[in-house]
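Quick one: the structure is below, and I'll ask about it shortly.
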Amino acid sequence: MTGTLGAAWAVAWTRRTAQVVVEHREELIELDRQIGDGDHGENLARGFTAVLAKLDALDAEPEDVGAVLKLVATTLMSTVGGAAGPLYGTAYLRAAKVTALPALDSAAVVALLEAGLEGIVVRGKANPGEKTMVDAWTPAVEAAVAAADAGASPAGVLAAAAEAARGGAEATTPLVATKGRASYLGERSAGHQDPGATSTALILDAAATTAAEAAA
Amino acid sequence: MTGTLGAAWAVAWTRRTAQVVVEHREELIELDRQIGDGDHGENLARGFTAVLAKLDALDAEPEDVGAVLKLVATTLMSTVGGAAGPLYGTAYLRAAKVTALPALDSAAVVALLEAGLEGIVVRGKANPGEKTMVDAWTPAVEAAVAAADAGASPAGVLAAAAEAARGGAEATTPLVATKGRASYLGERSAGHQDPGATSTALILDAAATTAAEAAA
Amino acid sequence: MKKLINDPQSVVAESVEGFGLAHADLVEVHPAPLIVTRAGGAVTGKVGLVSGGGSGHEPLHAGFVGDGMLDAAVPGAMFTSPTPDQIAPAFTAADGGAGVLAIVKNYTGDVLNFETAAELADAEGLTVRSVVVNDDVAVEDSLYTAGRRGVAGTVAVEKIAGAAAARGDDLDGVVAVAEKVIANVRSMGVALTACTVPHAGKPSFDLPEDEIEIGIGIHGEPGRRRIPLAPADEITELLLTPVAEDLGLTSGEQVLLLVNGMGGTPLSELYVVYRQARRLLEGRGVEVTRSLVGNYVTSLEMQGASVTVLRLDDELTALWDAPVRTAALHW
Amino acid sequence: MKKLINDPQSVVAESVEGFGLAHADLVEVHPAPLIVTRAGGAVTGKVGLVSGGGSGHEPLHAGFVGDGMLDAAVPGAMFTSPTPDQIAPAFTAADGGAGVLAIVKNYTGDVLNFETAAELADAEGLTVRSVVVNDDVAVEDSLYTAGRRGVAGTVAVEKIAGAAAARGDDLDGVVAVAEKVIANVRSMGVALTACTVPHAGKPSFDLPEDEIEIGIGIHGEPGRRRIPLAPADEITELLLTPVAEDLGLTSGEQVLLLVNGMGGTPLSELYVVYRQARRLLEGRGVEVTRSLVGNYVTSLEMQGASVTVLRLDDELTALWDAPVRTAALHW
């Protein structure tokens, strides 16, 4: 099947994510400084830098997408800490479980995203509208489902998801947080974009960009 | 003998000193902040405010100059603290000892000033040129002696002393301190006027002004 | 940013290393993963006590490792809760065969990472129970929020649960004592200045010269509201009143009063706050029978303080008084 | 100026009142003149130990009143040494019939006021001896200067002389022990920020964001020189080297290493400094056998630290280890 995404894409996605997260480290710190404790960019940069090191140290190419995502999951769990560590760790872990496949078609990409969201919700118990990364993941999954239903390629599904995640992240700005550290600010949390939703948008954008490159 | 200075003058001098010291509180704090610990103005304001309260509480007019100066001495000793408390306290105490007189002529005014300087030197062991209040007192005494020798009135003697004290205080600016807290700065103490020499100039100026008023 | 550090990336490791060198009679520092255990290791038959969380709150938690308090502490990165595979070895190190109590401050990250670590430990056959400290009345507690934060009251939980473990209570017993402290301890804090997280490089919030933040946490978060600078007695009243009311203190009760510095406040100011907090409690007919004043749960170099009140009964008083031998609490 | 105070004029009195309320088991506070004495009063037959000085250095000195350390402390106004008629009653209160030792930090004001107080006490038939602590190597010591300042080394003098008095040494003996500590203790400090004296209302000096002051004292005085901000390890070396050299430390010697915070520095940073100071000492073959890290001799909310080294022998080590029960040192 043409356009499917395999282990090579998963590696490319992960490497791009590491790059993007390091590039946006200060921006994420600044967002978290406004309504949190100013470490989100530092935490993710530390985590994904560790992921890169793990990738570089691999003896053989990973077998399938799930193997890559599992490596990301365990590394984030053991190096990120804070709220984002377990949340993203669980997201990647759940996603890995449904992607033990040599190549993902559009439906599999949707399954990956759904599993990721499910992992975050299982751990963090946030609903949409609470000003968390869930507010980027939820529209991303919805857009992915719609794109797949409309017959989009895997890259197309991810492009739709990334676009929706970015919109979802931006839409957190007016919200009053009721989960996570920003909730301590009460009304004062409104007017700032959520750092976790922002990093989710970056991660999904990396997925879409690398998928488009793989397809090209 | 006309132009002599009695207990009434001593009271007026003391009240004027209290007023002047409170007015210059911040300036003295600022000078001490530059090369010391920023409390000289606060210390003297606290001390002379206490002196005023003591004066106000007196049942009878003080008998002689010495009685007033002794009251100042003991009050400063018990309320000022720091270096200036014992130094000015001893100065006033020594001055009180030589002024147990109903009225001071020019020679007695000189004796008052000499005793004051002696008290400071006995306690603080500073020589002229070490950037301390001694650098205001020393030229003041010299000028007083010269004025008295030239036949000046008591008010004239004090005017000469005050003028010289002010010059002496200003001349401390380029000096490198070798006594007191400013000495810890070494070379960095140069370029700032000494707070203690400055307060001495204020005190002696109050003496001269009130003597001139008494003579008028 | 001005700090006595070498590198934001290495400050936690270097600081904990120095801590271990300075207190080798009390603790042992294990560098990878970074944990601090009691010198001599777990005590056979005693419930093990573990706490941890982001760094930057020193002396919490490593300063409370030792006889009569914690068996192990897990220092995360600055203001970042430690990871499960850093926490799990601390559980193992603290286990003397009677199970382990994890004392967790109520933050999403801490709760999640300790939860996962407990699952890992469970898989190794270790019994781990957790209590979650949530004493900060500045934060609304409801089913629909992350709940109240854990702040300075943590010291009381660790001290008193530690004493319960030391006197030989079993795991259920130690959990019950810890829960009793948590149910009876409340705090509220104020910031005069923000703090600067080393890797962020700039202050956690911007506060004008004439304003203060009421209801701050210990992570440089802004507070619930900003008010003009006021005399210490007034500020203290703004902190103590919600604490006393949330606890429902009534005349005749006895309490422990903790005035905690946020790290950059002179001790002299903490005693000014203590004086007024005590007067206000006495005004309510509440008797202050135990006191603690100092920097115990800090937020780097933040200037500010928090007021913590713990309702005491005879048991809690006796456990508070029980001997303790750690770097930061010692009697 | 942002402070948790009510009024610059009353801050010392209110703070000491709060201190007395919080530590009623250890101390008694007498309001006029303001002195802090050991709860239970002088110990018959024991040499009495008194210290004091300007306030703003808390926990020094009141925090060291108690068993095994001081019998009385005399808090002056902020950064202003107390007056003779405040000090003299402290001498009387501390006297148990075996005479009194005054521990004076070497500042013109402290020396003069304690001197006069000793004369007053002498007139009442009390035997008072004084020792003058002058451990700060940042300051040149010569016949023609005010001599070196007394800084953090004061803690060691008070602890060890206190232990000597507690074990029953007579006045000559306690003086000799105190002098031995003074002869063997040296310190040097750094400031990252200035402090603000409440009555002055603005910082004691102006320091750009990228510069630090080396060789500062504990009164907000500027230091000996200003240098660009540097890594903690380099700064620590600038502090430790002159200390070690002034002491003439040689390989094989044993020392106590005290890293003292100036009041506004996080504990985590003090341990970073401790780590490097210890490595440097070990590099010289010097063994650090005792340690103290924390805020003991402070300068209000100043950010910075000092490094103090005390050369130990068996006697000083045993006296350091002897029990002490005060608000700020307790073992």
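The letters A, B, C and D name the chains in turn, as written, and every chain counts its residues from 1.
As a convention for this text, a contact is a pair of C-beta atoms (placed from the backbone, for glycine too) under 8 Å apart; a residue touches a chain by one contact, two chains touch by 3 or more.
Computed from a prediction, not measured in an experiment: that's the story for all the values here.
S.K.: Hey, how far is the Cα centre of chain A from the one of chain D, in Å?
M.R.: Once rounded, the distance between the two centres reads 55 Å.
S.K.: Rounded to the nearest whole Å, what is the centre-to-centre distance of chain B and chain D, using the mean of the C-alpha atoms as each centre?
M.R.: Those two chain centres are 33 Å apart.
S.K.: With chain centres defined as C-alpha means, what is the inter-centre distance between chain A and chain B in Å?
M.R.: Distance between chain centres: 76 Å.
S.K.: Pull out every residue in chain A that's touching 2 or more other chains.
M.R.: none
S.K.: Draw the chains as dots and join the ones that touch; what shape do you get: line, ring, star, complete or other?
M.R.: Looks like a simple chain-to-chain line, open at both ends.
S.K.: Can you identify all of the chain pairs that touch?
M.R.: Those chain pairs satisfying the definition are A-C, B-D, C-D.
S.K.: Within the complex, which stretch of chain C touches chain A?
M.R.: Chain C residues touching chain A: 54, 76-86, 107-109, 112-113, 115-116, 138-140, 144-146, 149, 197, 199-200, 202, 204-205, 217, 219-222, 224-225.
S.K.: Of all residues in chain C, which touch chain D in the complex?
M.R.: For chain C paired with chain D, touching residues are 2-7, 11-12, 14-19, 21-23, 55-56, 58-59, 63, 190, 192-193, 209, 212, 229, 231-233, 235, 263-276, 278, 288, 291-293, 295, 298, 300-301, 303-305, 330-331.
S.K.: Touching chain D in the complex: which residues of chain B?
M.R.: So the residues of chain B in touch with chain D come to 29, 33, 35-39, 42-43, 46, 77-87, 123-124, 178-181, 183-186, 188.
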